[in-house]
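Lettered A, B, C, D and E in written order, each chain numbered from 1.
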Amino acid sequence: MSDATLSGATAPATAAKPVAFRGGGFAPRPHRWVGFVVFVVLILIAEWGTRAGWISALTLPKPSDVLATFGELYQSGMLFKHLGPSLARLFVGALFGVTVGVSVGVLIGLFSYVRAGAVPLVAALFPIPKIALLPLFVIWFGIGEGSKYALIAFGTFTPTVVATYGAVDNVDRTLIRMGQSFGLSWWSIVRKIVLPGAMPGILSGLRISLAIAIILLVAAEMLGAEYGIGAYILQAGSLYDLERLFAGVVILSVLGVVVSALIGLIERRVLGWRT
Amino acid sequence: MSDATLSGATAPATAAKPVAFRGGGFAPRPHRWVGFVVFVVLILIAEWGTRAGWISALTLPKPSDVLATFGELYQSGMLFKHLGPSLARLFVGALFGVTVGVSVGVLIGLFSYVRAGAVPLVAALFPIPKIALLPLFVIWFGIGEGSKYALIAFGTFTPTVVATYGAVDNVDRTLIRMGQSFGLSWWSIVRKIVLPGAMPGILSGLRISLAIAIILLVAAEMLGAEYGIGAYILQAGSLYDLERLFAGVVILSVLGVVVSALIGLIERRVLGWRT
Amino acid sequence: MDIRLDGISHSYDGVAVMNDITLDIPAGRIVCIVGPSGCGKSTLLRFIGGLERPGQGRISQIGEPPEGCLNPLTYIFQDFALLPWRTVEGNISLVLEDHGIKGARAREIIGDVLARTKLTDFAKALPKQLSGGMKQRVAIARALAVNPAVMLMDEPLSALDSQTRELLMDDLISLWSRQPFTAVYVTHNLNEAVRLGHQIVVLSRRPGRIQEVVTIDKPLDQRQFGDPDLDEKQKYLWQLMRDEARAADAELINV
Amino acid sequence: MDIRLDGISHSYDGVAVMNDITLDIPAGRIVCIVGPSGCGKSTLLRFIGGLERPGQGRISQIGEPPEGCLNPLTYIFQDFALLPWRTVEGNISLVLEDHGIKGARAREIIGDVLARTKLTDFAKALPKQLSGGMKQRVAIARALAVNPAVMLMDEPLSALDSQTRELLMDDLISLWSRQPFTAVYVTHNLNEAVRLGHQIVVLSRRPGRIQEVVTIDKPLDQRQFGDPDLDEKQKYLWQLMRDEARAADAELINV
Amino acid sequence: QGTKIKVGALRFTSHSGSFVAKDRGYFADAGLDVELEFFQAAQPMAVAIASGDIDYAVTAISGGLISLAQKGAIKVIGGALIEEEGIDGQQILASDAAYKAGITDPSKLDGKAYGVTQTGSSFHYVGDKIAQAEGISLAFKPLQKVGAVVGAIKSGQIDAWNIVPHIAKPLAGSGAVHIIGAVQDYLPDYQTTTVFTSADNAANQRDKTEAFLAGFSKGVTDYNSTMIDNAGGEAGVDEMVKLIHQYVYNDRPFEKAKPSIVNGTMRINEGAKLNLASVEDQLAWFKAGGYVDSGVTIEDLVDTSYVEMMS
C-alpha cells in the first residue's frame, strides 16, 4: 500500500503539492544570554561615552568609577554597615505590613461587612504618597526605627490587602462547597481550603509589596537615618556624588531582583501543586 | 400521589426529619452604606478627639479645619491653580509612560529576543526608587515640566510593561492558532486577536500604573514646581501646616478614587464582551 | 435512609427555576435526573444536600443513616473538586480529619477505599499528575470514605472523554453491585441514565417540573453496552426531550 | 481535493508521539480518527492543517481546491475559538476580511452561512450570550464561510453536553447530506465516529500508529440513533480500544 | 551621672558648638549626659523636637519652625550662627551660564530663577530680601533638597542661589558657579541659625535648659577663639579641625576635609546671644508672605528669658 501511495505521489496525474506551513510564532522561547549581553553592551556604551566625553560627567558617572566606589564601600566595611540597618528595616516593616495586610485581606474576603467597611478605606489610602506624610510619621512614631518600620509597613499594607482579598475571592467556590458538603467546620474550610487556595495570589501580591518596600526604603531613611542604603543614596544625591548615587541605586536594584528571585523560589517550593 | 406522600410524612413509622442546611457563606454581599458609615464615624472621632484635646493638634488637624481650608482653597481659586498643572503633569507623564510601556510590553510579548533583552532590564529598573534619581532627573530633563513628565512617565513605564507582556502572554493561544488556520496575516493576528485579547490585562495594569502616577506626583513636584497639588502638600509639610497637608492628601486620595472609577467605566464600556 | 422531596419550588431573583417537585428517593436505588440545560437539576441537588434552601417545599430524610456513616449526604462533583495541594491520600483524609478520624484508623479507611477504586498505587500522587478519569475515581473514593447514606452526583462523568466515561460507568456498576448504595444522579447523558438508573426522572424546561418518571427494572449488572432494551428506553427518552433540548440550547443568555 | 499522509512520525523532546502514519483522505468523505488520550490525534490534525511540521514524512494535497475556496484546510476547534469581543457576524467577517471580502459580498456570504446553520436571528449576539451548542454552530458557520476543501475537526462536540451533541450531530449530517464535504474528524466518542464517519481510523496508544481502519458503508442520512449495525461497529471498536484506553487513563502525567 | 539629653545636629561646621561642648566635656561639667542625634535635613529636626525625640537643636528659622512654635510645641531660646562683617558668611552664587551672560552682580538678577529648597524656607527669605534691596523680582524655584539645588545651579537650570561658605567656595573653585556677592551686604547681622527646644523644656525644665546653654556656650567660645580669633595659632586650628572632623566629613581623609571645615568657619554667637531684631524681621516676612498664620507673635516664637538679646 505504501508503494501505491508513493507511486501515486511521484506520478501526479493530478498535482500533489505539500501542505503549506502557516503555524509557529507567538510562543516566546527563552534566550538567557541576551539579557546578559544587553546589560554588558549598555555598560560598555556608558563607559565609552563617559571616557570619550560625549556623555558629560554631569549626566552619567563612569561605570568603572561606580564599580570602584562599590569596591571601596565593600572593603571599608561600610557596605554592611549600610546594608544591615536597611535589611532590618525592610524585614521588620514588610513583615508587619504584610502580616497585617494578609490578615485584613482575609477578613475582607470572608466577611461582607468587613469588606464593605474596609475596601473603600483601603482604596482611599492607596493613592496617598507616603513621602507626603513624612512629617506626620515623625510625630506619630518618632525619629527612631519606629517611623521607618511604620512607613514601610504602611506602604506594603495596602497592596497586600488588595492582593489578598482578590486571592480569597478567587478561591474556587466548588472547593468550598465541597468542604461544606462533607460537613467540614467553618474554621476547617478557612484553614484547609481558603488559605491554601489563596496562597498563589498572596505570594504574587507579595512580589509587588516587597518591590514597594524597597522603593520606600529611601523615603523611610529620609527620617533621620545615619546608616542605610537609602540614607547613603540621599547623602550621595545631596552631595551630587553620582558614583555613590549609582552604586546605591545598583544595590537597591540588585536587592529587588534578589527578593523577586527568592519569592520565585518560595513559589516553586510551596506552590508545586499548581499545574 | 401527593396525598400519599403527605400522609407518609405526617405519620412517621420511621422518623422523617428535614435535611440540615449547611451551605451559605463565603459569598460577599455588597453593603454600600457601611463604607460610608465607616468614613463618617472615623471623621467624627477625629473631630471629637481634636476638639476634646485627647488628640493633640500636633498629631491630627481638626477635620472641620481641613474642610475650611479646602473651602478657602476653592474660593480663592487656588484649587484649580494647583489642580491644573498637576492634572496636566499626570496626563502627559502617564500618557507617555503608558504609551511607551504598552508598546514595549507588546514587543516583549511578541518577540523572543526582545523579551530576553528587555525583561531583565525592566526587572532591574522596577525596584529603583524614583526619588533617589531626582538629582539626575534635574540634570537630564531640567527643572521645568520636562523632568516632571519624565519622572511620572518613568514611574508608570515599568508596571505598564510588566502588565502588558503578561496580558499578551495570557491571550488564548487557541484564538491565535485559529487565526493562523484561517490564513490571517501576522499583522492581522496581532491587530485583531492579540491586542483586543490583551486589553483586559492592560487595563488592569493601567489601574496600578495610574495609582503610581498619582503617588509620584508629589515626588515630581519636588523639582521646582510652584503650583501643583504635590507642591502644595510639600509646602504644607515643610511649614508643618497640618490642615493644608491633609487637604492636599485628601485631594490626591479623591483623585485616585476618581481615576480608578474612570478605568472601571472604561472597562465596562470596552470590555463588555467579558463574561 | 430514604429521601423525600415535597412540593419543591424555587425562584432566583424572580425567575422561577423549578415548580412543585415531589419525589421519593428509595434506599439502595439510583435515581437519575435528566432534563434540558438550565432546568434546575443542579439546584435541586443542592437542595437535597442541604447546601441551599428551597423557596417552598420540604426535603426530609426518612429513617436513620446506616451504622458508621460520617456524612449521610455526600456529593460527587462534575469537576472533581479535589484540593490540588493535597495528594490523593490527603484529599481523602481531609474529610476524615473533621470527624476526628486520624492515624491508624484513617489509614485503614483510606487503604480500603483506594483498593475499591483501584487507586492503591496512586496514593501519593498529586491531582495535577492524574488524568480526568483518575481524578473522578479519587473523588469517588473520598465519597466512599465517609460511608454515605446517599450519594449526590452532579454530572459526575460529563467532564470526561467518552472512553473514560465508559470505563467509569463500569466501575460505578461494579461498586454498586458489590454493595448497593443510594444515589441521585444528575446527567445530560441519556446513555448514562439508562445504564445506571433504576428510575429516570425527566424534567421539563425551566421552570423545571417533573415530566415523567421512567423505571428500568433490568438489574444493573446485566445492562450491556448496546443492549436493545436500553436503546429502546434511550430512544424514548430522547424523543421526550429533543424539542425542549433544542429550545433550551437556542436561548440567549442574559449576562 | 484529496489529502495524503505519507509515513508521518514525530517526537516531542525525545518522546515519540506518533509512528509511521500513512493515510489517504479522499474528497467528499468523513474520516474519523479515534484513539486513547495522548496518542497524537490533535498533533496529527495540526500537521494536516499546516500548523505544525512533522518530524518525518510528508503531507500533500492532491488536486486543486474547489472554485471560490478561500481557505482549503479549515479547522473547527473543540473550544469553539470564537473571538469573545466580536459578534456572531463579526466572527465570521474576521476570516473574510483578510481575503479582501467586505461590504455587500461579505454580507451575502455571512447571511448564507448563518441561514445554513439556522443562526440568522443571532447575527448580532456576542459569544457570551450563546450556549455551547450555539457557539459551535457559529464556528461551523465561520468554517463554511471560507468554503473549505477539507474540514479539520478536533473533537468538535466534546465540550458540549450529550443532548446538544445529539442535536449538532443531526445538523452536521444534514449539512453533509445537502452538500458533501471532506472532513477529518478527531474524536474520543465512538458513537460520534460510527454516526459520522465513512472511515474510522483507530490509533494505538502513544506513540500512535494505525491499528485498524474500519469502513462503514451505510449512507450518513440513513444512520439512526440506536441503529443495530452501528451498535455492532461501535461495540467492535470499543473492544479494540478498551484496554488501551484504560492504560492511557491510568498513566501519571509528568508535569 | 548627669541628666540624659539628646541634642540634634547636622553634619555641618555650623553645629560645632555642640561638638566641641560634648567632646571637651563641657556638657558633662554642666551635669548633662548628651547624646548627639544626627539628621539629614533641618526640617525633620524641628519636628523631632516637637515630638519629644530630641531636646535641643540648632537650625535656621523656617516657616515650619514658626508653625510648630505657634502650635505650642517649640521655642527659640538662643542664637547661633550670625553674619558678621569681616568674616566670610553666606555667599550669593550665579551659575556659569548666567555669569557668562553678564550676571556678575546680584542687581542684574531681575527676572532670573533663584533656587530655594522650599517656599517659606530661609533661602526664600534671603532671596526675597536681596530682591527687595535691589528692587528686582526673582522667580523662586523650590527644589526641596540642597543636592537638587546644587545640581540645578551646576547645570545652569537656575541662575542664582545663596549658601553657606563651605559649600559655596568649593563649588566656585570648580568653576561651575561663580560667587557674585555676599548675603551680609544685604542682611547685616542676619541671625542665620538659632538654638531651640521644646516648649515644655523652655517652660518647665529651666535647670536643664540653662545647663545645656552653659555647656553649649563654652563650646562656642572655644570654637570662635580658635577658628576666628586664632587664639591657639595654627596648632589650635589643627586640633579644633581634628575635633570637628570626627563629626563632619568623617568619610574623607583629614587633609581633604580640613579646607572644607576651615572654609565653613562663621561666627557663632558668644553666650548664644540672639539678634532679636533679625528674628522679628524674619517673622514679619513669613507672616507677610502668608507662609505662617498672621496671628503668631514673637512671644510665641522666642523665650527671651535665657540669653542676652543683642541690640
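Here is the rule we use: a contact is a pair of C-beta atoms (placed from the backbone, for glycine too) under 8 Å apart; a residue touches a chain by one contact, two chains touch by 3 or more.
The structure presented is a predicted model; accordingly, all values stated were derived computationally and were not measured.
Annotation of subunit C and subunit E: jointly contacted by A, B, touch as defined at the top. The chains in contact with subunit B and with subunit D alike are A, C. No other two chains have as many C-beta pairs in contact as A-B.
Subunit A and subunit B touch with mostly matching residues; of the residue numbers seen at this interface, over half occur in both copies. As a whole-number value, the distance joining the C-alpha centres of subunit D and subunit E reads 84 Å. Subunit B and subunit E have Cα centroids separated by 42 Å.
Inter-chain spacing, taken between the CA centroids of subunit A and subunit E, is 41 Å. The multi-chain contact residues of subunit C, meaning those touching 2 or more other chains, are 49, 51, 73, 128, 255. For subunit E, the set of residues touching two or more other chains reads 43, 47, 50-51, 64, 145, 147-148, 150-151, 155.
In subunit A, the positions touching at least two other chains are 22-23, 58, 134-135, 139, 177, 180-181, 183, 234, 237-238, 240, 275. All chain pairs that touch, listed by label, are A-B, A-C, A-D, A-E, B-C, B-D, B-E, C-D. Residues 57-58, 134-136, 138-139, 142-144, 222-226, 231, 234-235, 237-241 of subunit B are the ones that touch subunit E when the two sit in their complex. Residues 3-4, 6-7, 22, 24, 46, 48-53, 58-64, 73, 255 of subunit D are the ones touching subunit A in the complex. Across the complex, subunit A is touched by residues 37-41, 43-45, 47-48, 50-51, 53-54, 64, 145-148, 150-151, 154-155 of subunit E. Listing the residues of subunit B that touch subunit A in their complex gives 22-23, 25-39, 58-59, 109-113, 115-121, 123-136, 139-140, 169, 173, 176-177, 180-181, 183, 186, 189, 194, 211, 214-219, 230, 233-234, 237-238, 240, 242, 245, 248-249, 252-253, 255-257, 259-260. The part of subunit A that touches subunit D in the complex is made up of residues 1-2, 5-6, 8-9, 12, 14-24, 275.
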